[in-house]
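Note that chain A is present in both complexes that follow, paired respectively with chain B and with chain C.
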Partner chain A sequence: MEAPVDLANLRDMIDGDKEMEKALFEEFFSSFEAGIAALQSSSGDAEAWRKEAHALKGVALNLGAQTLGELCKNAQEAQHDPEKTKAAMVATIRAEYEQVKTFLQGLC
Partner chain B sequence: MEKENFTILIIEDQKFCTDLFRAAFGQYHILMAHHGSEGLEIYQRHRPDIVFLDIGLPDLSGFEVLEKLRLFDAHARIVMLSAMNNGAYVKRCKTLGAMGFLTKPYQKDYIQHYIEQVEAK
Partner chain C sequence: MLIDIVNKNAERALLSAVEQSDQRHALRGALYFRCAKLNQKPQEEEILLIFRSLLQDKKAAIYFFHDGDLAIAWNGGKKSVLDDVCKQLYAYFHLTGNEALHTYYDFNAHGEDLRLALRDKLKSFPANSKKPHAHSADHPMKPAFTDAQLRHIKKHAAERRTLKVPTILIVEDQDFSRSLLKGMLNKIYECYCAATAEQAVALYAEHIPCITFLDIELPDANGHDVAALIKRHDPESFVVMVTANHYEKDVALARTNKVQGFIVKPYSKQKIMEAVRKFRGART
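Then we have the complex of A and B:
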């Protein structure tokens, strides 16, 4: 099974510093969990939803989580979709995030 | 110029992204802002050598911040950051006076390229 994160670019950014990597993972967990909660609560406001999904996409891409970034991009483009569709998108993003988190925690 | 005297301002709302930037370019003097208005204030106070500016900010858009920075300082050197590779965005940023446009994920070599361009001046 393919890894949900490609850390090559992030490791290049920080010159392979393991302590720094661990600190960044912790910040990623904190940022992303807060972001998913914000996305969920903004489902009734198209512009707020678009901004939250866009912010999550940037974080996912900077980590190297391409699939997670794509899911956030899809959410961003679905700003005018019904709330039920958005709820399903949040669930999909959360499930992918959990895979990413498990993968990263396995590296620490 | 010594690297610690070269000042970089990054304006980006996501702490994970600013932490990553600081981790990669910690040899420079890094200033960080998480809102556009905060970035404008810091620029006016510190006059950094280069600015990396995200387009998607919570208060002002990156375009508005770019425009205001260039009105304040016509020589401000600003590189735009975006999670979206959008030709219209690139064109608009160039029209507004940005020196460059980078898409996420951040890539060290590309960022370093702009820093070195400014350092060489």
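Then we have the complex of A and C:
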């Protein structure tokens, strides 16, 4: 199975500093979990939804989680979709995030 | 155990805690206290002092919300703890306890009720809930330097030319992305970090950095407005816009503002170092 994250770019940026990598993973977990909750809570507000999805997209891409980033990009572009559709998107993002989290935790 | 103090994004942080309540060592419930009605803002240090001893053997967190309300969450336990927490809060606000300002939410039994309450709270602060701030994207600040800041920039801007190692300002509202960029750059360069436009303007005026990496979507203003301000008052500035979008309108605005670079996320060492090399090239 393909890894949900490609850490080559991130590791290149921090010169393979393991301690920093671990700290960044922790920051990613807290940022992303709060971000998912915020996305879920903003499903009734198109602009707030777009902003939250945009923020999550940037974080996912900077981590190297391409699929997660794509899901967030889709969400960003679906700002005017019905709340039911958005709820399904949040569930999909959350599921992918859990895969990413499990993968990263397995590295620590 | 240490008590976590959450005074930024508290609504979202508590939402996240509710979501994680089925995990080991998680918070199990929260006492929500509607003290905003009292027009008496709880002081963090005082509240922490009270509850540090009361919840010393527990995992606990205190959430200070934007509107002045607060919530105290811990990992469950005896009802007597809840009674004590309640009693202390009413006493802190010099109330009798008959005012009915509190609600206890067990995350398993009443998690959905708390989620709804928090989402309502977020809706009432849609713009500034992301970052506690006087400004927001819906009511954006107009980035501006004060007269004193302008004098400072004018007086000291030329000193940058004598620096052997460039100084860098990173303006990025996402903690993870900011840490990543800082982690890469601050081994070599002196870095300053801002999460909002307001912080960016203040740090820029104070340090007059050689290079500014400037995110476009900021919680309190548009990064293009910050860039325009910097370019207007500091012609020798070197500004690189960063964004997760690649919209034509952003590229066009960047050109209008005559910034020196435009980086689309994800960040990479190559993209960032290319910008630094461009800066060095422009200085020689």
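Here, the second predicted complex is superposed on the first by the 108 of 108 C-alpha atoms of A that agree within 3 Å, B and C clash if a C-alpha of one lies under 4 Å from a C-alpha of the other, contacts with A are read in each partner's own complex, and residues count from 1 in each chain.
The definition used in the following text is that a contact is a pair of C-beta atoms (placed from the backbone, for glycine too) under 8 Å apart; a residue touches a chain by one contact, two chains touch by 3 or more.
Everything quoted here is computed from the prediction, not taken from an experiment.
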Room on chain A for both chain B and chain C (clash or fit): clash
Winner by number of chain A residues touched, once chain B and chain C are compared: C
Which of chain B and chain C A:A91 touches, first, second, both or neither: neither
Partner chain in contact with A:A37 - chain B first, chain C second, else both or neither: second
Which superposed partner A:L107 touches (first chain B, second chain C, both, neither): neither
Those residues of chain A which chain B touches in one complex and chain C touches in the other: 9-10, 12-14, 17, 20, 23-24, 27-28, 31-32, 51, 54-55, 57-59, 61-64
For the chain A and chain C complex, residues of the former touching the latter: 9-10, 12-15, 17, 20, 23-24, 27-28, 30-38, 40-42, 44-45, 47-48, 51, 54-55, 57-59, 61-64
List of chain B residues in touch with chain A within their complex: 13-17, 19-20, 23-24, 54, 56, 58, 83-84, 104-108
Residues on chain A engaged by chain B in the complex (per definition of touch): 9-10, 12-14, 17, 20, 23-24, 27-28, 31-32, 51, 54-55, 57-59, 61-64, 69, 73
List of chain C residues in touch with chain A within their complex: 9, 11-13, 15-16, 19-20, 115, 118-119, 122-123, 126-127, 129-130, 137-138, 173-177, 179-180, 183-184, 187, 217, 243-245, 265-269, 272
